[in-house]
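By written order: A, B, C, D, E, F and G. Residues from 1 in each chain.
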Amino acid sequence: MMSEELTYEAAYNELQQIAAEIENETVSVDVLAERVKRAAVLIEFCQQKLRATETEVNNIIRQMEGNKEGK
Amino acid sequence: MMSEELTYEAAYNELQQIAAEIENETVSVDVLAERVKRAAVLIEFCQQKLRATETEVNNIIRQMEGNKEGK
Amino acid sequence: MMSEELTYEAAYNELQQIAAEIENETVSVDVLAERVKRAAVLIEFCQQKLRATETEVNNIIRQMEGNKEGK
Amino acid sequence: MMSEELTYEAAYNELQQIAAEIENETVSVDVLAERVKRAAVLIEFCQQKLRATETEVNNIIRQMEGNKEGK
Amino acid sequence: MMSEELTYEAAYNELQQIAAEIENETVSVDVLAERVKRAAVLIEFCQQKLRATETEVNNIIRQMEGNKEGK
Amino acid sequence: MMSEELTYEAAYNELQQIAAEIENETVSVDVLAERVKRAAVLIEFCQQKLRATETEVNNIIRQMEGNKEGK
Amino acid sequence: MITSESIKLSALTGRIQQALNDAFAAQTYWVVADVTNHSYYAQKGYHYFDLVEKDTASSAIVAKVAAVAWGNGAVRIREFEVVTGQPFKNDIHVLVKVSVSYHQVHGLQISLLDIDTNFTVGMLEQQKQQTLVRLQTECADFIRKAGDHYITRNNQLQFREVIQRIAVITSGNSAGFQDFRHTLEHNRFGYTFQTDTYFTVVQGESKAELVQQKLIDIYNSGIAYDAVVIIRGGGAQTDFLLFDTFLLGRAVAKFPIPVITGIGHQKNETITDMMAHSPTKTPTKAAELIIAHNKSFEDAVLEMRQRIIIRSQQLFSTHYQALSALNAAVINQTRNIISIQKEVLHHYHHTVLHGSQSLLVKHQRELMTVSGEILSTPRILVAGKRNDLTNLIANIRAFNRLYTQNRRGQLAHYETLFKLVSPDNILRRGFAIVYQDGKIINNAGTVSPGSNISVQLHDATLTAAVTGKTTHDERGTDI
């Protein structure tokens, strides 16, 4: 669903941008819906990425601690 | 796994840097896992180095004490 | 194992330097074992030198006292 | 063992110097045995010289006293 | 043993000098026996000279007193 | 050495000088006997001359000179 | 007148006797007079002489009387001679006590009863003093008075050490000379002497010149006499006025050889004695003086001999002692030196042994300390490093948790924001979207009653026609 190129950083930046646009109220409702839809996609992406990273990191840390403990 | 050039000193410094990056949140989510993975590698390296050193030192000491006792 | 040129004096001075380095933690883990190994060698050298000297001196003393008693 | 040239005076002075060095701990372990050996040689030399002198002097004195008594 | 030229005076002065040297410990052990031997020779010489002179003088005196008695 | 002219005066003065020398110990042992002998001769001279006749006095002097020469 | 009456001579002399007796009997007189025509009858002990008085100026005799002394008077004269040293003879001036008598046969008689000794002594003393004064004045270069004695050239001379060659001036073989020679020759010390005698008459004042001549002879003899001895002739204890003469006094005082006198008088010193080197009372004493002088010389020589004997023996003893002391000093000090050297060597021995051992012990201790440090510190070091690592891991985990939380928070914030602004949500709260001609309008400008619009609500879209229009004040709900 998401381009392979998209990064958390880019996604998050886009989110920030969208939020800024909306805040400025210059965006029309037509566009708003579209923006919100995009934001929802981005948020979803970031959350997934975050979760994935968290899981991976926790695994590594667990491993690190495990190594420490184990040896 | 680790370049022969890597020293405990360099490894430990890199580790401290990684920790600082995470603390200061200057690392992006995209590379966090990678960084932590690197940290894990470095920690593993340092621990091994420490263990090796400890073993070596202990051996020397044991040997010396053995010599002392023996004579 | 030790160069013929090494003297007790030089060995002892080097030992003191090593002790100071270790005490001040200016020695890195990377060379710690090496340093300790060197120290062990030096200590061994010094002890042997001391023991040899002691034996020699004691022999001379025994001889002197023998002479004294004998005459 | 001793050069024919060595005199009690010279031996005594050298002995004094060695004793002072040992007493002041200015002699290094490297040469201690050598010094003690030299001291032993010097003491032996001085004692022999002294004993010889004493014997000679005693003979002269005995002779002198003999002469005195005899006449 | 003694040069024909030696006089009591010279012998006595030499003796005094030797005694002074020994007293002041300016004579070294190396020449002590030699000095004492010389002193013994000088004392012997002086005593003989003194005895001879005494005998001679006593004879003269006896003769003198004999003359007195005789007349 | 004894002049024909020897007078009581000269003899007495010489005797006084000898006595003073002996008294002050300015006469050395080396010449003491000689001095005492001379004193004896002088005393003998005085005593004999006091009692001798004119012809005898000359004999005394001759005899004294003979004795001295003879020794 | 011729036939006048005569008397017998005896009658006359008797009358003279009577008259003189009447005038002089029991009377005595002290008379000063000179003596002349003296004669002495030794057998009877009678003195016959005349007493005369001379004119002091012309020496002419102004009175003269014959006198006699016997019995007591003669005794008194002898006493006088002994006391004064002055013989009773012609030309002496005397004070005599006399009596006057008349004898019918012998005639007028003056008898000497007594003679005043003191008068003559005084006279003689006066003469002597005059002589002494004369000596001092005329011979001042070798005689002077010091106190009550005289310093003369002669008595300033020193005796030689021994007096052995002697010139003796004496008269003949007088007893005095015999005494002198006997004493000298038989001295108990055995001393010998060479005496040359110069005989002369040594009695009578007038002989002074002879004595002086003998002194000159002695001087001219060329013999080196040690002393000249003047001995009076001896015999009678009288007549030594010779020795009070100026002539002899001067000669003796000036004489270059010490003069010893042995004149043998009992009382006053004669002038010769005063001028001489050594006056003695008698010839024997003169000899004894010489012997004593020689004896004192011999004593001095013997004393010197004794001194030489004692001192030379002391000298030996001193030298023996000094030698012995030197010997002892050399022996003791030599032993001392050896013993000190032994001690010092022992000390060095000890120092070298103990010093080297304690030096080794010290080094061992130091080495132990250093090696202890080196051995114990690495473990601590490693433990510290391990601790550091553990802390680092803990930090990373903690930091990571925080990091994730923050990210999650950020995302949640955006989620909320976008939910809030999403059109669906707005419609659900009662808002509607108005479309005109398919386009959303956000103002009523283009809308007027009768226009067709469509209104989209939450759950449906309504198509409607505008029936009215009221323009609002822009205020109100705007935030």
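Going forward, a residue touches a chain if its C-beta (ideal position, glycine included) is under 8 Å from a C-beta of that chain, and two chains touch if they have at least 3 such contacts.
Everything numeric in this text was worked out from a predicted model, so none of it was measured.
Peer 1: Return the chains common to the contact lists of subunit A and subunit E.
Peer 2: G
Peer 1: Just give me the whole-number Å value for how far the CA centre of subunit A lies from that of subunit G.
Peer 2: That gives a centre separation of 133 Å.
Peer 1: Please work out the Cα centroid separation of subunit A and subunit C, and write it as a whole number of Å.
Peer 2: The separation of the two C-alpha centroids amounts to 66 Å.
Peer 1: Can you work out the whole-Å distance between the CA centroids of subunit C and subunit F?
Peer 2: So the centre of subunit C lies 93 Å away from the centre of subunit F.
Peer 1: Just the number, please: Cα centre separation of subunit A and subunit D in whole Å.
Peer 2: 99
Peer 1: Among all residues of subunit G, which ones touch two or more of the remaining chains?
Peer 2: As it turns out, subunit G has residues touching two or more other chains at 190, 302, 305, 312, 319, 327, 331, 334, 338, 341, 349, 353, 356, 360, 363, 371, 375, 378, 382, 385, 393, 396, 400, 407.
Peer 1: What residues in subunit E touch two or more of the other chains?
Peer 2: Residue numbers touching two or more other chains: 12, 29, 32, 36, 43, 46-47, 50, 53, 57, 61, 64, 68, 71.
Peer 1: Spell out all pairs of chains that touch, sorted by label.
Peer 2: The list of touching pairs comes to A-B, A-G, B-C, B-G, C-D, C-G, D-E, D-G, E-F, E-G, F-G.
Peer 1: Which residues, counting only subunit B, touch subunit G once they are in their complex?
Peer 2: Contact set of subunit B toward subunit G: 8, 12, 15-16, 18-19, 22-23, 25, 27, 29, 32, 36, 39, 43, 46-47, 50, 53-54, 57-58, 61, 64.
Peer 1: Once bound in the complex, which stretches of subunit D touch subunit C?
Peer 2: Its residues touching subunit C are 28-30, 32-33, 36-37, 40, 43-44, 51.
Peer 1: Write out the stretch or stretches of subunit G touching subunit E in their complex.
Peer 2: Result: residues 190, 302, 305, 309, 312-313, 316, 319-320, 322-323, 326-327, 329-331, 333-334, 337-338, 340-341 of subunit G touch subunit E.
Peer 1: Which stretch or stretches of subunit G touch subunit F in the complex?
Peer 2: It is residues 160-162, 164, 189-192, 194, 294, 297-298, 300-302, 304-305, 307-308, 311-312, 315, 318-319 of subunit G that touch subunit F.
Peer 1: Which residues of subunit A touch subunit B in their complex?
Peer 2: Residues of subunit A touching subunit B: 7-9, 12, 46, 49-50, 53, 56-57, 60-61, 63-64, 67-68, 71.
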